[in-house]
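Working notes, structure below.
Chain IDs A, B, C, D, E and F follow the sequence of writing; residue 1 opens each chain.
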Amino acid sequence: MSTLHTVNKSPFERSNLDSCLGHVVAGDSIILIEDAVYAALSGTSVTARMADAAKQFRICVLGPDLQARGMDTGAVIDGITVVDYGGFVDLAAESRVVNAWL
Amino acid sequence: MSTLHTVNKSPFERSNLDSCLGHVVAGDSIILIEDAVYAALSGTSVTARMADAAKQFRICVLGPDLQARGMDTGAVIDGITVVDYGGFVDLAAESRVVNAWL
Amino acid sequence: MEEENESGVVKKFMYVNRKAPYGTIYALEVLEMVLISAAFDQDVHMAFLDDGVYEIKKGHTPKGVGMKNFSPTYRALEGYDIEKLYVEKESLEERGLTEDDLLVPVEVMSRADLAKLMSEMDVVLTA
Amino acid sequence: MEEENESGVVKKFMYVNRKAPYGTIYALEVLEMVLISAAFDQDVHMAFLDDGVYEIKKGHTPKGVGMKNFSPTYRALEGYDIEKLYVEKESLEERGLTEDDLLVPVEVMSRADLAKLMSEMDVVLTA
Amino acid sequence: MKFAILVNEGPYNHQASDSAYQFVKAALEKGHEIFRVFFYYDGVLNATKYAEPPQDDRNVGKNWAALAESHKLDLVVCVAAGLRRGIVDDSLAPGFRISGLGQLIEAGIQADRLVAFGD
Amino acid sequence: MKFAILVNEGPYNHQASDSAYQFVKAALEKGHEIFRVFFYYDGVLNATKYAEPPQDDRNVGKNWAALAESHKLDLVVCVAAGLRRGIVDDSLAPGFRISGLGQLIEAGIQADRLVAFGD
């Protein structure tokens, strides 16, 4: 009975991720894709918030989008899982509904 | 020797206005157009910041964009000037360069 | 607007309106989706949050920007039995708006309650 | 790339890069403008701030998303005598990046200094 | 499992159509069914027959059409959104068809999951 | 005063082209000269000849073409951005011409002000 939330915008430029985080309920998952992958990295001004969110919800980040942007998967925040497109499909299949925070 | 800065995005959704405000120098002007007109209104969570900025820089807002969105020009923050497209053209002509914060 | 819904399946559709009107076209074109969903006899919900609350602000007058006023469509939704309109309280407050500023009857609810309602939908589409 | 600049006028052009690469095309297509400005013998400046600092992050590998790696173009700018590249310190810091993460030599400057530099330009184009 | 896909943005300017394409490819590789890919808003621009991107870049529209041919995908362009933006019979690329928005709602009803990609 | 205008987004999806159009109209009314209007990025989509928006809505492309005719405006579509997005000779609306990006830089050099509208 859970939702997969997709977020595709940079947390530094847009409010989409904040809005998503305000509407996630217990059992839901979030996947960060496209420019939202920057939210998954340690050492930034949004890291603390994301590390905290990752303790409450399953948060994943799309590996191909990290690699496109030259970001090392080793820099991903502990508790956030790197997945490929197949993993994205699995997450969508495992959830009951997919909600894109456009 | 001044710059006219144009901002067209909502302050609630995007960082454009914040970025603009961080790069304005003495003597510059700012015009809020399109979805940025919401930043010109009193009673919102960004009002205090804008009222403060209006004390340091000339800030204008495009009237036709306020009207399109059903916003009363009477609700515009004191110190922010409502202009029409002709006023926008005048501001651009009076400034030395126009910098669009896209 | 009459469409065949041969399957007989009725799903809970929610249209999540997060974007301001006129600056982009999403607010206008999502209404087409809403109307067609109703024609397919689906259980249609509309949520207005973030800048989406501006979509149903009274008094849109876009003549001066050369655009069409599409806000009468919100008033027409009732005629298509689309009456489940929800507005997020926190989004209104951040923007200094109250229920009196809105042009259609809505149910104002907290972010937490809206999140719960969203989680009960079968299809969620954000515009 | 040789163009005639019949007027002989040389203006200070600044390209302000505020957007992340790959999610949108702006970072790629602005480079075309930059190159053509140089061909017109203009005084070309590039500023990288906000998410624009990600454009010159080392190691772009977009094969997995099916897109082309355009970051070698930044390395080629020097060959067109485009050497005035400025990166905003505060933007790097917010994103946990340092000068070592960047694939081309740049001048890192404070927001205040960058604002001052911007104010001295004749044409400013943001992408 | 039956997926339906919604693409809200045109090619190149946003990554949305690329992401949708990669998702569909991965879903097919895992043996899932793609009930339909629907193009709405600027998404209709993926279906222009006139695009000629640089040879060293991808051709988003042709990639969709090729995938549709090899996997019998149903690529549907919204007629109203298309009219507004100049995607009509005369400008439509092979592999796409133009139809009403009802096709999206039907996809939402019939598919197990509707996954949207946009700006 | 001589203005040059840059339009970065396509019609309808964003207000950018509408705002640019209103700005140009107001500038002309004040007796200013419009050196050139240049369409880049998705802005090239303003120049499709196939758009047929609903009759109760504006036609952004036709409005530009009409203004160009009455005021002898130079409406230039970037050839490279156009090729990528399907705006080529066969799909170009009357009133626009296709040329290189040098036309934008020239406008930036020749005009007193370059004003950009985008997303």
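Definition applied: a residue touches a chain if its C-beta (ideal position, glycine included) is under 8 Å from a C-beta of that chain, and two chains touch if they have at least 3 such contacts.
As the structure is a computational prediction, the values presented were derived from the model and not from experiment.
Peer 1: Using each chain's Cα centroid, which is most distant from the centroid of subunit E?
Peer 2: Farthest chain from subunit E, going by C-alpha centroids: B.
Peer 1: Per the centroid of Cα atoms for each chain, what is the distance between subunit A and subunit B, given in Å?
Peer 2: 33
Peer 1: Whole-Å distance, subunit B centre to subunit C centre, using C-alpha means?
Peer 2: Whole-Å distance between the two chain centres: 28.
Peer 1: From the C-alpha centre of subunit B to that of subunit E, how far is it in Å?
Peer 2: One centre to the other, that is 38 Å.
Peer 1: At which residue positions does subunit C touch at least two other chains?
Peer 2: Expected reply: 22-25, 50, 65, 67, 123, 125-126.
Peer 1: Mind pulling the residue numbers of subunit A that touch at least two other chains?
Peer 2: Where subunit A meets two or more other chains at a single residue, that happens at 8, 12-13, 15, 34-35, 64, 84, 97-98, 100, 102.
Peer 1: Could you say which residues in subunit F touch two or more other chains, in rising order?
Peer 2: Residues 12-13, 15, 19, 22, 41, 57, 80, 114, 116, 118.
Peer 1: Any two chains that touch count here, so list every such pair.
Peer 2: Those chain pairs which touch are A-B, A-C, A-D, A-E, B-C, B-D, B-F, C-E, C-F, D-E, D-F, E-F.
Peer 1: Of all residues in subunit B, which touch subunit F in the complex?
Peer 2: 6, 8, 33-35, 64, 84-86, 88-90, 92-93, 95, 97-98, 100, 102
Peer 1: Would you pull the subunit E residues touching subunit A in the complex into a rising list?
Peer 2: 1, 3, 8, 15-16, 19, 22-23, 25-27, 29-30, 32, 112-119
Peer 1: Which stretch or stretches of subunit F touch subunit C in the complex?
Peer 2: The contact residues of subunit F facing subunit C are 12-15, 18-19, 21-22, 56-58, 63.
Peer 1: Please output the residues of subunit B touching subunit C within their complex, sorted ascending.
Peer 2: Residues of subunit B touching subunit C: 8-10, 12-13, 34-35, 38, 41-45, 47, 63-65, 67-72, 84.
Peer 1: Under the definition above, what is the set of subunit E residues touching subunit F in their complex?
Peer 2: Interface residues on the subunit E side: 10-13, 41-42, 45, 48-54, 57, 80, 83-88, 90-91.
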